[in-house]
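Notes for the one structure printed next.
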Amino acid sequence: MGTMPWHVYLSGEIHSDWRARIANAVMEEDLDVELSAPVTNHEASDDCGVAILGDEDKPFWKDHVGAGLNAIRTRTLIEQSDVVVVRFGEQYRQWNAAFDAGYAAALGKPLITLHPEQHDHALKEVDRAALAVAREPEQVVDVLRYVLNGTLPRR
Amino acid sequence: MGTMPWHVYLSGEIHSDWRARIANAVMEEDLDVELSAPVTNHEASDDCGVAILGDEDKPFWKDHVGAGLNAIRTRTLIEQSDVVVVRFGEQYRQWNAAFDAGYAAALGKPLITLHPEQHDHALKEVDRAALAVAREPEQVVDVLRYVLNGTLPRR
Amino acid sequence: MGTMPWHVYLSGEIHSDWRARIANAVMEEDLDVELSAPVTNHEASDDCGVAILGDEDKPFWKDHVGAGLNAIRTRTLIEQSDVVVVRFGEQYRQWNAAFDAGYAAALGKPLITLHPEQHDHALKEVDRAALAVAREPEQVVDVLRYVLNGTLPRR
Amino acid sequence: MGTMPWHVYLSGEIHSDWRARIANAVMEEDLDVELSAPVTNHEASDDCGVAILGDEDKPFWKDHVGAGLNAIRTRTLIEQSDVVVVRFGEQYRQWNAAFDAGYAAALGKPLITLHPEQHDHALKEVDRAALAVAREPEQVVDVLRYVLNGTLPRR
Amino acid sequence: MGTMPWHVYLSGEIHSDWRARIANAVMEEDLDVELSAPVTNHEASDDCGVAILGDEDKPFWKDHVGAGLNAIRTRTLIEQSDVVVVRFGEQYRQWNAAFDAGYAAALGKPLITLHPEQHDHALKEVDRAALAVAREPEQVVDVLRYVLNGTLPRR
Amino acid sequence: MGTMPWHVYLSGEIHSDWRARIANAVMEEDLDVELSAPVTNHEASDDCGVAILGDEDKPFWKDHVGAGLNAIRTRTLIEQSDVVVVRFGEQYRQWNAAFDAGYAAALGKPLITLHPEQHDHALKEVDRAALAVAREPEQVVDVLRYVLNGTLPRR
Amino acid sequence: MGTMPWHVYLSGEIHSDWRARIANAVMEEDLDVELSAPVTNHEASDDCGVAILGDEDKPFWKDHVGAGLNAIRTRTLIEQSDVVVVRFGEQYRQWNAAFDAGYAAALGKPLITLHPEQHDHALKEVDRAALAVAREPEQVVDVLRYVLNGTLPRR
Amino acid sequence: MGTMPWHVYLSGEIHSDWRARIANAVMEEDLDVELSAPVTNHEASDDCGVAILGDEDKPFWKDHVGAGLNAIRTRTLIEQSDVVVVRFGEQYRQWNAAFDAGYAAALGKPLITLHPEQHDHALKEVDRAALAVAREPEQVVDVLRYVLNGTLPRR
């Protein structure tokens, strides 16, 4: 039975290869999924505001103008998405990932979280709002394959 | 006059061939309709959570993680749909079908129920929220043909 | 500059050729508009309910089941539309046209009314909610051409 | 069990005593209902625009400015209401009543229509969107008493 | 710290004393909660439509007009509520309870389900949408006390 | 990673070439952006109402019918847009630009303002609602390139 | 018939006594209206950000933090209001007034504009979104009296 | 001029006295503000789920049922609030605070963040969505006093 392609937004950690692992598997299996993400070039993401809109003396305002540009991207993509995946890595505070999760939850977007067990307690409120808690990127692909095609992994 | 293809979500009973009867008729008559449905493989639908996200000791949590994955699919498809058809069969309690009907009604989706007369009294609240109550899958196709093309059945 | 095609729903009177006049002009001028409408075959529109879902003894319930099917069509098309045109003819009470106008207004759809001057006072509340009040179908086409292309009629 | 007072908006016909009959019964029975209505002084309702905002030469614009003021009242009260009752009398076209019904329906407000049988066919689309179709004002009071207190009339 | 009183709607089973047990405990503990419910007089609930709006020959339409009146009450109260509790008893299909749960979920209302373990598998989709699954009415009171006052039961 | 084309609405000043500068750059760089705008032919925009819907004696009503037609276009395009850019030029009061900004902000559309420094104080409320404040059209293109592709300008 | 008090937000010009004239008349006539407004102390409104949150070197950021605080007030009050009145005086650009008008319009709030004729052409888009265009504060009171009580002025 | 009391939700850190400092100042100054908060008893907040709904073997599910109860409280209070304040302390990851911030932002609630400078870079996305960034609880009170009464601090 026909469905429209699903838009899946991949929020959170930018220091590991989890997005690439999901993207490769989606491509290999030819799942009818369009992936999107924030700008994952850390330096560009930090500098974009002052590079485009003009320099700022204070770090606070440099961050502020940069975060504005990044918000144009992330809010638009979250609005356009059918499913939002949020990855919490082992380092960094990643408050923006949790912010995206709250934003997506309030919009009623189905949410998948992806993080190691060690963060379970700290992430309990975020996980409670999610419809799936995955440990590995491959599980996210398994979830997408299942919700799109009804197929379980052959493991 | 041109319209966009209509997305029709087929919720409810998974133990009879009602979806296939609708799908065949839609295809034969070339109606401009995209059908979608929950995962109708009963076993996959029950096992998906633990098969993908890891085993659970308690049946309650096994059901919980599975229902989470199924909800990713069903809520997304209900959101994307123009019309929601909900089938109540002769057996089983099918609370999830009634839940989907309530969910769709609150979103303002036009609702068609499909069930035998014997359930009329028990389903009166659900039927009251519907814009059509059908007895046979073929009547659902008749409704879709009419609302799309304005054509009445030749019977 | 590129825009998406506009969906325009043509609600109201079914006993004159106003829709055909608009459709012809839209086609001749190749405006990027998709028109839609209720079922305009009066007999089919009245009989659809009992013809598909089974006979009723009382006229009230015959009307009720028929109106349910027509509502599946009209609400879906109004939801999908960018602009709603509502035509009030010289005869009939056409409460359904006014109902559609109120429904569209509450959804925030831009509204165009189309009616002769003789109904101005009776339609003042409906006209107040409209962004244009036209007298002739050709004016509706002029409005569509202008809002799409910025072109004024050469008259 | 405690509930908040219900706000009930009484839309439609202004040439009979139906509102007074409902208001009297609500007061006598001490139902926890706040009734509201459009301005029912026909002359004031027609003249309000030009009387307050300045004269207009054309009747169309006189109606337009008056309808604007009336819309401030009616839209605010419909928004604030829990239930909307719409009365269609035996005369006049009352397109504004049908407009209010459509507006309320699109906002998801429970709708009660009140009209004689002779208009059943012409009002079938409006009635289809209603949760109750009453013939007499006293039936509307019976409905309000029941939905508030669960009490059936002693007739 | 001050909060507004919470409105809690108690949906579902009408053949046991679960609502009274919750209401008594709420009163005894003086929790700042306003409880509401559907009409729980089974006979009145079944007959209300024809008793008020006039008799019907077919059971289907008797149910339909009655369900309309009940929907005026239930939808208004669900809209007004902060939390919705849905009880599934040991007998009956209670599709209306599941419908209410779906309706409340789509509106974003926090949902508490209340049912014996034997229905866990059949209710897994409904429970997945709930923020708490209780077995006994007293647990619902414990939840309300905690979410209002932060106090755990002394058991 | 794939995304849908973005719709960007360019509101405000019509007496300079800022839209053309953005459009040219978008085309040259082949950004996946669909631009839209109000009717920028000043004379057509002022005259459209009376040219299409009939003459008016008073300038106020001439403006009113024209503004109605323009609103059909602008509201539809703002609704369809992912990002709204609002340009305030050095002359004119441009209240309609500020109105569009408020309208877009209330709909949750990411907002970019474009104006010279001299208006900073007068525009502080509008700028506060924006996610970027640009001085030159080329900066708007830089922002679009960045939010779409993550690429910073090579300056 | 009983209604709730109406909340009316008075946006715009802060350099004349128009709010006081409305407030006095509302009090004298004992209209059931709660008036609210932005902070109208110009200096406090300009300085609030840096006075509370710490100094800024650049005027742009001083304005930005101040506008943030003012937006907390104005957005909350506009959200809470039933009717929004927007005053455009003879001087200043008052883009924030037009922004508020657009914001209120997108939320579906009934809008009343108040300005001298000389701005009619420049304000035509804002006026088109309004349900009344007044010239004097006393007319706004006349409108409020009429929409609340149905009473026309005795002039 | 009269306004309704404002509901302010205080989200985030529970290991310092920041809420008490705000509450005391609000009381002393008699600001027309109702404060609310999550359950700030850490132990109760962690144990509530299993204490009320029954024990769980796995920490993950203990957290899950507890987070469900806490979500009933926090989502209801955020929905009811006019302003949301989110505090990030010097320790802990406080992903739930960032989640609340995202949730509130998506609902359009005015947001105030409260945190030391050391977190500025990590919180830049959250701060960008806020209308004020405060360093000390007293500044939050200053903001509330100003947005309610227009009064600047006497410092």
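We call the chains A, B, C, D, E, F, G and H, going by the order they appear; numbering starts again at 1 in every chain.
Criterion: contacts are C-beta pairs under 8 Å (C-beta built on N, C-alpha and C of every residue); 3 or more make two chains touch, one makes a residue touch a chain.
This is a predicted model, so every value here is computed, not measured.
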{"item": "Chain pair with more C-beta contacts, B-E versus D-E", "value": "B-E"}
{"item": "Equivalent of C-F within the choices F-G, B-C or B-E, defined by over half of its residue contact pairs recurring", "value": "B-C"}
{"item": "Distance between chain centroids, defined by C-alpha means - chain E, chain H (Å)", "value": "30"}
{"item": "Gap in Å, rounded to a whole number, between the CA centres of chain H and chain A", "value": "25"}
{"item": "Averaged-CA centre spacing for the pair chain C and chain A, given as whole angstrom", "value": "42"}
{"item": "Of all residues in chain C, the ones touching two or more other chains", "value": "68, 70-71, 108, 128, 131, 133"}
{"item": "Residues of chain C that touch chain B when the two form their complex", "value": "7, 19, 23, 34-37, 39-41, 44-45, 47-48, 51-54, 65, 68-73, 75-77, 79-80"}
{"item": "Of all residues in chain B, those that touch chain E in their complex", "value": "59-60, 63-64, 66-68, 70-71, 74, 88, 92-107, 117, 119-129, 133"}
{"item": "Touching residues (chain side chain H, partner chain G) in the complex", "value": "1-4, 6, 82-83, 108, 110, 112, 130-135, 139, 142-143, 146-148, 150-153, 155"}
